[in-house]
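Heads up, the next two complexes both have subunit A, just with different partners, subunit B and then subunit C.
This part shows the complex of A and B:
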């Protein structure tokens, strides 16, 4: 009994403290990301985007000071993310939960955003369902179906591919990519002549590539994690003569990150990818962003993760301006709905219905420009929505 | 020269003396209640420490007492976590019965695995446990329709404990729940290690060749303790599922198996409370260090581990009790 009373008392005192913290003139943003472990590089690029935005726009919005608190999950750990989110809310008294490098992190924290009534901004995690977990969640990155369903349709209608083969890594994003590409492609009228999954471990693609050769498709859609796999696949395809333009190679943009192109060398030439951000796209907003980013990060170029973080901060800043510093989840979500702005990636809008991103999907091809291989935008599909939202209902 | 009968009585008296709750232990169990009043904003961390400690105690039973080196115990932790999660998804969200069922299931799997475990030692044992752990993690990954794959299990819905205490945002219920599980686990583990069965386990650890010579059915003993340990690890996993309402592949990861061994070495193996202390130090250090620098906190854990192994080879608790004994003369 005494314990219960004491617990209730401390709870009361604690709440009073956190209320007091809110009343002060700061807006606390808790970032939950995988700063250590195998996804640390992704988190660091996101952080660099966030830092750049704050450096450019000051740390004061609507008369309030922005304070950032970083928490490390170490990887795709839902339980860890949930605990960190709980602590951020009850101990640090944050007003906004943000970051989220990986889907399990976002799903783990979603319940806290819902229960604790906090505005939550997903800056990278790319599984469709995340935004459906709570009405307080808004996303500024992309979803895999968004990029690849549009890509499948494009491949049939614009690139004239009639039949294709898919090879994806055996993990959830790979399966998502395969499904959504196949949906876009077959709905448009194309035919999938073969589908294969490759293991996540050390790359040896010779058997897979032989099977592709036997099926002799016009195009191969691949989705494999970055790192050692892309160059290995590039080599295996080249050895068996399955290179563009004879066989088109289609993929999501991670396959042709600058580092990946470098390690693939000439085998990268002609690969066609789909992405929502292209560093090389010639556009004044983007050029200024790339320049500032490189200056702030010792020459390192921004990528899709940096842009997710950058735009996430933009959303938070603009929403706070609209609410006049009110940090309640309801007000911030309302302010975000339908918000539209010119981002380094092009025009983007927060869908008022799904709170997810509506944006252009760029189709890029690896070409030689001034003696250097890079992603050249060859087509743009404007205002693409995530096709899966509302499907489950 | 004593007669055999009286020496047996002596032995039993000695065992009973060993099994008595010491004042230090009572002080410890009172101390773990402090966070409820003093650190109410740290209760979620405290509950995860209690869960990790229960997991570490289960590993201590096999590693510290029976000498079974394992690098794959997260397999049972994760199985328990998924079992509890799937049970709530199937519509039965009552936590206590969920714990029991998850524990029984993992104990059953532990029993099956134990037939293989007792056949090998040393490096081969390490490889077998490591391999089984990796296989289970990969199995859960490929059974995406059941486990949700890398996205984690969705739709875990746990009912309030005793139909009354909801798992709240502050973590009051979570900590009380995890602490109760830890207490029951430690009480059971104490009972085991302070029995003649526990002594025979230590015999296996110290000298495997002599055990058959004195007629001890050591293989069966190892199987029993391995099964119990598996069940306990599964319960720890189930508690994690219940308190966080999430299950991800990470619960089966090699990292978790390795971290728990690090905790045991930090705290000291073969003394139960060493496992708890190790888990607490590891988790608190990680929390504090990663607040200071989220990118490179593991460096400090590595440094701490090296210092402990170099200067306190019996772990922090072992070192402390050695110190106490020396001071006491």
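This part shows the complex of A and C:
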């Protein structure tokens, strides 16, 4: 009897030990992203950023090997993300949950990160509330209010816009953008003369553009998702003669992604956008990043999604170095708090209080440089925090 | 105000014409051949990518890419029809739906693999880009172009199906396959050509759609719903029905967004519900 118990104990201890030894050798990172479906391109760009970071910095940190496990949500599905997060934690035994192309994915997985005590790095999803869902969550992308509240204020104070019309896509990020731009703009003294939301279906904007023309505002603020919508909207505005300098066009950076500019042609000139990363910004760190990224991705240029993934990996690597390989959520969050580094986007810091990112908000204008249209940084608002944290409830 | 109304009507009509070109092929295969081809959108996507390749890689003008999109989509669809689809002509509708929707998934994954997941921009010739001013109003040149193309296609299809020998053969083969065979009509070939025609039109629609709505691997899914709505509202197999339904839906969509923006994209569904409630067989449907 005693011999049996001893044998069982020995076996148990032995198993536990071997499992531990295994866990000590590797750090498993589970990536939950929308690799397929309509947001596949965003996820691919994030993944390319992640891959580039690993290629440049090796797959060993603090004496441990980094192992990546990818899970595809197929789109903005909270339930799917939750299920995948559970699977990653329980079956695959991951140490860190990361990725998160879209807000519903991050919200779906937040509970698992919280209860499973896993460090969770949000590399794109941009709704303010995400980081408040668990003390284990850190973000390396941006939030929509962060960019657009600052942008609204800038539009009134620096660009001299007194009244504006807003047109946003009819989904949560669009509503966020509308509210936060209006807040920044009206608090500074501006006036919103009209607001429309456009459906997410086929991008035919002619009706909304005609409504804007009827209101003949001084400026139009736009927020629409990347993809098919930006060129369609740009062209519709141009067809109604609503182009700079007659009407100021303000938008979050999706409107002037490189493909969108290419498709819009000269009508894109003069569009002013805000983003937390600008591929064309002349800076040694950024130039090296852009060059390496293009080489690794057949000439494709990086965008904010790439840089979110890249910086997300940087955060994970640096936090692991600080903890000496300890992967407990508590240790990694502590290590992340207040961490500050020179990213391709410029200086960025993890806010020790909100675990969200503090960074520069860039204002860019589409201009012709060497015969090619591109986003040129015309102003920089340094060290912007998300204005909504702490204001909820 | 009248000017605004004219612009809204014009924009709506142009959007409707795009829907028409995308859907009319489906109306032909679904209505005439009784084959539920949900992969129609995949052939439209194929046409779009052909246009991208022809204009960007070969450097040919946009107008040349349109026949290319039609021909490639038609040829590829014949390949599929001969090897796969024809086995399902007599299968139940559910089998057809499952198989063809599976094909859309496969096409979407293949497109993502070959072309990547990014949007594919194209450059239009100068004369299609700007606006044409008329009576003080600015009409998009591309939209005028779309309306003209759609009218030409409608004319050709109606003439072809109603007044040519081949059109008569198609109608005969559909009405009574055995009798048609007995009369010496090669039903197999007739079906293959009809299928190619429908898919070719989808390819053309896909090529024309890039400028208005963009192109990425999810195209086949995005526009499937609109194609189905046009075909069901118009009535199966009716070219005129598809034309009227597409115009109605396009105009209702744009006018709805303009006058009642809060209703947004829902107008198109309201119209569909109303029409199918009153005429379940569609506006021009016979059964």
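Please note the rule applied: the second predicted complex is superposed on the first by the 370 of 393 C-alpha atoms of A that agree within 3 Å, B and C clash if a C-alpha of one lies under 4 Å from a C-alpha of the other, contacts with A are read in each partner's own complex, and residues count from 1 in each chain.
By definition in this document, a contact is a pair of C-beta atoms (placed from the backbone, for glycine too) under 8 Å apart; a residue touches a chain by one contact, two chains touch by 3 or more.
Treat the numbers as computed from the prediction; the structure is a model and nothing was measured.
Chemist: Quick one: classify A:72 as touching subunit B (first), subunit C (second), both or neither.
Modeler: After superposition on chain A, A:72 lies in contact with subunit B alone.
Chemist: Is A:217 contacted by the first partner subunit B, the second partner subunit C, both or neither?
Modeler: In the superposition, A:217 contacts neither subunit B nor subunit C.
Chemist: With the two structures laid over each other on chain A, which partner does A:175 touch: subunit B (first), subunit C (second), both, or neither?
Modeler: Touch status of A:175: first partner only.
Chemist: Considering only touches as defined above, state whether A:104 meets subunit B (first), subunit C (second), both or neither.
Modeler: Once the two structures are laid over each other on A, A:104 reaches subunit B alone.
Chemist: Have a look at where A:302 lands relative to subunit B and subunit C in the superposition and call it first, second, both or neither.
Modeler: In the superposed model, A:302 contacts neither subunit B nor subunit C.
Chemist: Check whether A:208 is in contact with subunit B, with subunit C, with both or with neither, and answer first, second, both or neither.
Modeler: second
Chemist: Using the superposition on chain A described above, determine whether A:253 touches subunit B (first), subunit C (second), both, or neither.
Modeler: Neither subunit B nor subunit C is touched by A:253.
Chemist: Contact-wise, after the overlay, does A:44 reach subunit B, subunit C, both or neither (first, second, both, neither)?
Modeler: The answer is both, since A:44 touches subunit B and subunit C.
Chemist: Scan A:82 for contacts with subunit B and subunit C and give back first, second, both or neither.
Modeler: first
Chemist: Same subunit A residues contacting subunit B and subunit C, which ones?
Modeler: Overlap of subunit B and subunit C footprints on subunit A: residues 36, 40, 44, 170.
Chemist: Considering only the defined contacts, which subunit C positions touch subunit A in the complex?
Modeler: It comes out as residues 4, 7-8, 11-12, 15, 109, 112, 116-123, 129, 131, 138, 140, 211-218, 222-223, 226, 253-258, 261, 264-265.
Chemist: Which residues of subunit B touch subunit A once you look at their complex with the stated criterion?
Modeler: 36-37, 40-42, 44-45, 48, 141-142, 144, 149-152, 154, 169-172, 240, 244-251, 255, 290-291, 294-298
Chemist: For the complex, which residues does subunit A have touching subunit B?
Modeler: Listed in rising order, the residues are 3, 6-7, 10-11, 14, 33, 35-36, 40, 44, 70-72, 74-80, 82-83, 86-87, 89-91, 103-104, 107-108, 111-112, 115-116, 127, 129, 170-173, 175.
Chemist: Which residues, counting only subunit A, touch subunit C once they are in their complex?
Modeler: These residues of subunit A touch subunit C: 36-38, 40-41, 44, 170, 196-204, 206-208, 210-211, 214, 226-229, 231-232, 235, 239-241, 259-260, 262-263, 265, 300.
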